[in-house]
Structures are given as structure tokens and as C-alpha cells.
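Both complexes shown next keep chain A, but they swap its partner, so chain B is in the first and chain C is in the second.
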Partner chain A sequence: MTLEIVKPGLATTVQDLGRPGYFHLGIPEGGAMDRLALTAANMLVGNDDGAACLEAVFMGPEIRFGADMSVAVTGAELPVMLDGEPRETWTSFNVKAGQVLSFGFLKEGARIYIAVSGGIDTPLALGSRSTYAIGALGGFEGRPIAAGDVIPVGTADPVAASRSVPQDLRRRPGKPATLRVLPGLYWHRLTEKSQQAFFDDAWTVAPEADRMGYRFRGGQPMEFVDRPQPFGAGSDPSNIVDGCYSYGSIQVPGGLEPIVLHRDAVSGGGYFTLGAVISADMDLIGQLQPNAPVTFARVDMDQALAARKARKEVIEQIRQALT
Partner chain B sequence: MKTRYTYGGDEHVYVEVDDEMSLDAFFIGLSLSRLVREANIPGVTEICPANASFEVRFDPDVIAPDEMMARIKELEGEAQAQEKRLDTRIIEIPVFYEDPWTHETLMRFRERHQDPSGTDLDYAARINGYDSVAAFIEAHHSQPWFVSMVGFVSGLPFLYQLVEREKQLEVPKYLRPRTDTPKLTVGYGGCFSCIYSVRGAGGYQMFGITPMPIFDPEQKISYLKDFMVFFRPGDIVKWKPIDRAEYDAITKQVEEGTYAPKIAEVEFDLDAFNKDMTGFNAKLMEALNDA
Partner chain C sequence: MSDIQSPLPGTFYHQASPEEPPFKSEGDDVAVGDVIGLIEVMKTFIQVTAETSGVFVAYKVDNASPVTAGDVVAELK
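Let's turn to the complex of A and B:
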């Protein structure tokens, strides 16, 4: 079973739920930016939650199916077509060998997940099929897919067509998007005024936004608490002695543009971090387009854990809706 | 030195052993992160040691964040008491300083730099009080370095120079990080040198490039067949300045699979090093010369 790539889209990669365990060597967990969407796509076609899918950003690929299979597209609203005929997003449909999947123009969100029954079956690299393009690791030859690639698919029976995720369970960022942040890490480096301004200011997604991190602009430059810089940190007040970065952590080089590290995060570095976007809201970042308006909302640990639980419940509700 | 504990979101505990860099802080961080690993605490998914800090990633559905932090704190006293020594290796890494590739890149990102009028090396030499770039380069490679962290991307080593603090070189990171850095760039930020294992974003000043790959996901390079990442914390490095001809020769050997890094087994003992740095380093470099 295979998928033949007719057109690759912009930066379409194989992703699953990632490869934890190698961050201490600078190899990030990776995996789907929007894990809820990937999990839902897999459920729709009868796969395990963490089967590998194609993640496409802003623009869809064009794919010819090498065999009969079930397909689902979740995440962003990108019109889906099979041999030119519209198909619903977040809904399973069956295809015949030789049929072609293509996409229209992006309406909402940023990333789609294309699941096929049996899952993408590229070789495992350090326990995962996720593509870590920076390290040329995993996925299809360690890189985004290209025209002419023939992608292996696992063997599985097609499932019933027209299984659909209910509208209210298709989790999406609002407008403006609110990202919840737990202050911590080097939060004490900021003056009280800048701490408050970070949450009060209106931000937008900058053009430099990818799987490694999302950059934001539009807020006020940040001010730092005066101190003699510690030995080894470097002289800029935003510099620290290089430490590990957390997934979701927010660094602000020079106090100017916050960068939220995402699934392909660098594992460490020398810029201070003011805290981290909570785990429950990481999926939402994956659906933000450049120039999308964003505000950051302060939460405490209890609220972060409650949000984490609520997100998990949505996934279970999707599972129940599909069984 | 006062250890600081904080959360990175709901999945990480961050432990800063000290806010300034020292080998003492490195060893305590390494010992404490090792004790956390040995404790096999349910819910721990990643343990990442760094220069003077480390991070534990955990699943808050398995262990509550406050309990996770408490379990690490319990081990701090034991970590402080552990001996600061390692059986390790010293490796010679060839460096082509002032190479054309990092030069092209640093010119491309000049507006993100503190001093757009010169090169990264001009700036680093000046702010560290060196009369010339040549004298600064000499200071960079004359004494060995200690790998105090592996990370950022794909096996990138952070290196701390084995000299008295007053002899340490210090530079800030770029004002805004670059979106591009050539593969195998030898960089500098704070008091750390590094080797960019792959091409990509970066904030360190750029000094040169090595022809010796340190990361190979395909594991085809002769000395990376066992594991795709070359460096581990505790490795010791001696830079060897090379010219273009030697750079090209080594690149060819790497491609042909005949390049073997020069390596010697050594012991690093922090007390012995602190007592006589010059003598200790001389012995390290002697071991390398005999290799």
C-alpha cells in the first residue's frame, strides 16, 4: 500500500506523537504540532491514536492513492477534494486505488492532518516516524515530502465512511487566540511593569513561525531587573548561562519578540525564558497563521492541570462519538 | 551557589544549580540529574543536564508537579557531597577560523548584531581586550575545553574553557538570533564555545568551521556508526587551527570514510584541575599528543 505524491504542498511532513527520550542530546520530541487533530484523524480511520499521518501547513499536497483505503483530514479548514469532488473535513471517506486527493485554499487554521487506514509506514527512527527535518531524522528520508515520492502505508481494512467528529469537539484557537501561560523559569528577570505588559499587550504571530517555534510581535519591549550579569551568561540582560528549554517555554531575545518553542524545539540555549505555554494549549499554536492576533493569559498550576484534563476529556469524547 | 527550583509549564521542573557558570555547578547538576535518573521516579520522561542547571520532564497525570519537585529536592544534599571526577576522553577538533561560509552568513545577518561594522571575530577580540583577531584566535585554541552540555539541536556541544575565570573569553549572543548558521560552525556565546551540528537558527557569534561532522542520523560516518551523536557531557576538546587546504583534505577523508578523530582516554578531577590548571592541562594535551 502506498501514497504517490503528485504535489508536495509547502512543507508536508510525516508526523506521529513524537520521540520522547532524546531531548538531552538536542533531539526534540517532535510529532504533530496539533496532537488532538492528529489523534482525531487516526480515530476516524480506525488507526491507533499515535499512527503516523501527513502534516501539511497552509497548503495541501496532491496525493494519488496506490490502493483502496479510508482517509480523514482534520485540523485546519482546507477544502478537501477527491478527484475534484468535495469531501468533508473531520470526516472519514473511502478511496479507490488511483483516485487523487487535492485541496483548495486555506480558510481557517494552519495545519491539516491526513490520516489513512493502516497509517504511514515509513521506518521508525529512535522509536518514532516523526520527521525532524533540522536533524534529517525520521519521516520520509528525514525531509519534507517531494513530488514523485512513494510513501509506504500499513495494511488495514477500510472503515465505515462518513464517521464525523462533532463540530463542538473540533478544538480551535479563538480570534484573538488566547494562549495560557504559567509564569516561571526566569520570570523574575522581568520588571513588574513588563510582567504585566506581557499579558496586557496585543500580539500577532510573526512570519518566523514554524515547527521549532512561533515568534510574536506587537507588544512593548521588555525591561529587565537590573543586575550584574552572572559569569558566563553574556552581557545582554536577556542572556543567561545556557540552560535547557522547556517545550512551550517563551524566550524573549533582547526583550523584543517572544518565541514560544514548539514540538521541534531547540533543547537549550542562552536566552531567558519567562514561563511556558501550558501543555493543553500547545495544539492551538499549531493552528495559528502569521499575523493572527494573540493574547497571553496568566494561569497558575492548578488551572494548567485543569486545562490539561479538559483537553484529554475532549479526546475521550471524540473517541466515544466515533464508537 | 544557591539552587533554584521552578516550573517550565505543567510538564517540566527546572533546577538552576547556580546562575553563573562554574565547573562546580556543572558537576553538582550532573550528579543531581544522575541521582534523579537512578531514583526511577514514575512519570519522569526526560532528564536533560545542562551547564549549571538541568531539567526534568514529567507526566503530571502520573506525578503531581509539587511532588515531582519535592522528590528532586530530597536528592540535592547527596548530589552536593559526590566527588567531582570523571573518566572521559580528550578529542582534537580541527577548526578553520575565518572561513568563507560563516563569513558570508555573518554578513547576511549583520543588522542583528551588536556591531554591524565589523565581523563577529573583530567584535569578540575587541570586547575581550585583544589587539588583534589573531591573538584572540590563539587564546581560543591554546587551552582545552570541557563539554558542559549537549543540546540545542542534534548533539551540539557547549564547551567551557579550562582556564582561570579572568582568562575566560566572554561575548554576548546576537541581539536577535539568526535564522541560518552553516553546519559545523564553531560559535561563541557567553563563556561558551559550541559546534553547530546541523545547519539552522542560532544566536552565537561565529568564529570558524570544522570539517569533522558530529551528528549523522544515517550513521554512515565511520566514527558515528554506533550512535548518531558524537559528544557527551564531560568530553574534553582541544581545537586545532587548520587552513583551507587541510580543511579540504579532512573533508575528503570524511567522505571516503577514512577520517579518524584523534582521541585519548583521560581522567578529569576537578580538585586536581583547580590546584594546578596549567599543569593539569599540559597532561591532558600530552595524552592527546601520544594518541
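Let's turn to the complex of A and C:
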């Protein structure tokens, strides 16, 4: 069973739920930028939650199916076509060998997940099929897919067509998107005025946003509490003595444009991090287009944990709706 | 008349670099596959190409302005 790539789209990669456990060695967790959407796509075609899918950003690939299989496309609203005929997003459909999947212009969101029954069956690398392109690790030869690639697919029976995720469970960012933030270790480095401004200001996604991190602009430059810079830190007040970065942490080089580190981020460095976007909202970042409006909302640990639980419940509700 | 649409969101440029002239000017012939402009997104530049041939009329968005997928960026006749 295979998929033949006719057109690759833009930086389309094989992704699963990632490879936790190596971040201390500098190898990021990787995996889908919108894990809920990937999980839902797998459920729709009868795969395990963490089976590998194709993640495409902003524009879709064109794919010829090498065998009969079930397919689902979740995440962004990118019109889906099978041999030119429209198909629904977030809904399973069956394809015959030789049929071609293609996409129209992006309407909403940023990333789609294309799941096929049996899952993408590239070799595991450190326990995951996720593509970490900068490290040439995992996925299809460690890189985004290209025209002419033949992608292996696992063997599985097709599932019923027209299984669909209910609309209210298709989690997506609002307009503006609200990203909840837990202030962190270096929060005290900002003046009270800048702490408040970070949450009050209207931000937009900068064009530099990618799988490593999402950059935001439009808010006021940040002011720092005066201090003699410690030995080993750079002279800029946004510098610290090198420290660990977490998934979701927010660094602000020069105090100007916050960057939220995402799935393929570096694991440490010399910028202060004011806090972190909570894990429950990281999926939403994966669906933000350049220039999308964003506000940050302050939460405490109890609220962050409640949000994590609520997100897990949405995944279970999707599972129940499909069984 | 045919419109050229941006295939993806980002920043649209009329020229390959600030020192160079725009890819097309009014009255230029356009062949299928000709580069009309560039979209910058995720630290990369993606070429916007013509899918039909014709004669270039005008850019429909300013140089270096934000676009979303499906926006008409140029017009041919």
C-alpha cells in the first residue's frame, strides 16, 4: 500500500504524536502542530490515535492512491477534492487505487492532517515517525515530501465512509485567538507595566511562524527591571545565563517580538522566557495563519490543569461520537 | 480576463529583490508557468506562477502587503 506524491504542497511532512524523551539531548518532541486534529483524523479512519499522518501547511499536496483505503482530512478548512469531486473535512471517505486527492484554497486555519487507514508506515526513528527536518530525522527520509515520492502505508481494512466529527468538537482558534499563558521563572524580569501590557496588547502572527516557533508582533516593546547582568549573560536585558526552554515557552529577544516555541523548537538558550502557553492551547497555535490576531490571557496552574483536562475530554468525546 | 490568486497566506512581493524591477508590467506577455510574484511565509519565498497565458494588466495588491490564500494578486487579459 502506497501514496504517490504528485505535488508536495509546502513543507508537507509525515507527523505523529512526536518523540518525547530526548529533549534533554537537544532533540525536540516534534509531532503534529495540532495534535487533537491528528488524533481525530486517525480515529476517523480506524487507526491508533498516534498513527502517522501527513501534515500540510497553508496549501495541500496532490496525492495518487496506490490502493483502496479510507481517508480523512482534519484541522484547517482546506477544500478537499477526490478526482475533482468535493469531499467533507473531518469526515471519512473511501478511495480506490488510482484516484487523486487534491485541495483548493485555504479558507480557515493553517494545517491539515491527512490520515489513511493503516497509517503512514515509514521507519520509526527514536520511537516516532515524525519528521524533524532540521535534524534530517524521521518521516520520509528525514525531509518534507517531494513530487515523485512513494510513501509506504500500513495494511488495514477500510472503515465505513461518512464517519464525521461533530462540529462543536472541531476545536479551532477564535478571532482573535486567545492563548492562555502561565507566567514563568523570569516573569519578574519585566516591569509591572510591561507585564500588564503583554496581556492587554493586540498581537498578530508574524510571517516567520513555523514548526520551531510562532513569532508575534504589534504589542509594545517590553521594559525590564534594572539589574547588573549576571556573569555569562549577554548585555541585552532580555538575555539570561543559558537555561532550558520548555515546549510552549515564550521568549522575547530584545523585548520586542514574543516567540512561542513549538514542536520542533530548540531546547535551551540565552533568552529569558516570560512564561509558557499552556499545553491545552498549543494545538490552536498550529492553526494560526500569518497576520492572525491574537491576545494572551493570564492563567494560574489550577486553570492550566483544568484546561488540559478539558482538552482531553474533547478527545474522548470525539472517540465516543465515532463509536 | 483572468485573475491570478495567491495559493497561500503570507506577504506578496512584485519583485525578486528590492533592487530588481517587478516580474511583470502592464502589456507584458504572460506564458503558463511565468513567475508573477513571490509569497514570503515561514522564512521561505514561494513563487506565484500563471496557470493561464495572457497579457499582464496590473497587480491587484501593493508590493510587500499581506495576503490570504485565494486573494487575487494580479490580473491578466
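Observations
Rule of thumb we're sticking to: the second predicted complex is superposed on the first by the 323 of 323 C-alpha atoms of A that agree within 3 Å, B and C clash if a C-alpha of one lies under 4 Å from a C-alpha of the other, contacts with A are read in each partner's own complex, and residues count from 1 in each chain.
The rule is simple: contacts are C-beta pairs under 8 Å (C-beta built on N, C-alpha and C of every residue); 3 or more make two chains touch, one makes a residue touch a chain.
None of the values given here were measured: they were computed from a predicted structure.
The superposition on chain A brings chain B alongside chain C with room for both. Once the two complexes are overlaid on the shared chain, A:D201 sits clear of chain B and of chain C alike. Shared-chain residue A:D68: touches no atom of chain B or chain C. When the two complexes are overlaid on their common chain A, residue A:E223 makes contact with neither chain B nor chain C. In the superposition on chain A, A:I27 contacts chain B only, with no contact to chain C.
Superposition on the shared chain A places chain B and chain C such that, viewed from the Cα centre of chain A, they span 100 degrees in steps of 10. When the two complexes are overlaid on their common chain A, residue A:C244 makes contact with chain B while staying clear of chain C.
Using the contact criterion defined above for the overlaid structures, shared-chain residue A:S235 touches chain B, although it does not reach chain C.
Within the superposed three-chain arrangement, the count of touched residues of chain A is higher for B, of the candidates chain B and chain C.
Once the two complexes are overlaid on the shared chain, A:P253 sits against chain B while remaining clear of chain C.
Across the superposed structures, the minimum distance from chain B to chain C, using CA atoms, reads 7 Å. Note: residues 208 of chain A belong to the chain B contact set and to the chain C contact set alike, using the contact criterion stated above. Of all the residues in chain A, the ones that touch chain C in their complex are 10-11, 57-59, 105-107, 207-210, 289-291. Listing the residues of chain C that touch chain A in their complex gives 5, 7-11, 40-44, 46, 66, 68-70. Residues 6-12, 14, 16, 18-22, 45-55, 57, 60-61, 65-66, 149-156, 158, 160, 165, 168, 170-177, 179, 189-192, 197-198, 200-201, 203-204, 215, 217-218, 228-229 of chain B touch chain A in their complex. By the touch criterion given at the top, residues 20-21, 23-27, 125, 134-137, 142, 182, 184-185, 187, 208, 212, 230-236, 239-249, 253-254, 256-257, 266-271, 273, 275-279, 301, 304-305, 308, 312 of chain A touch chain B in their complex.
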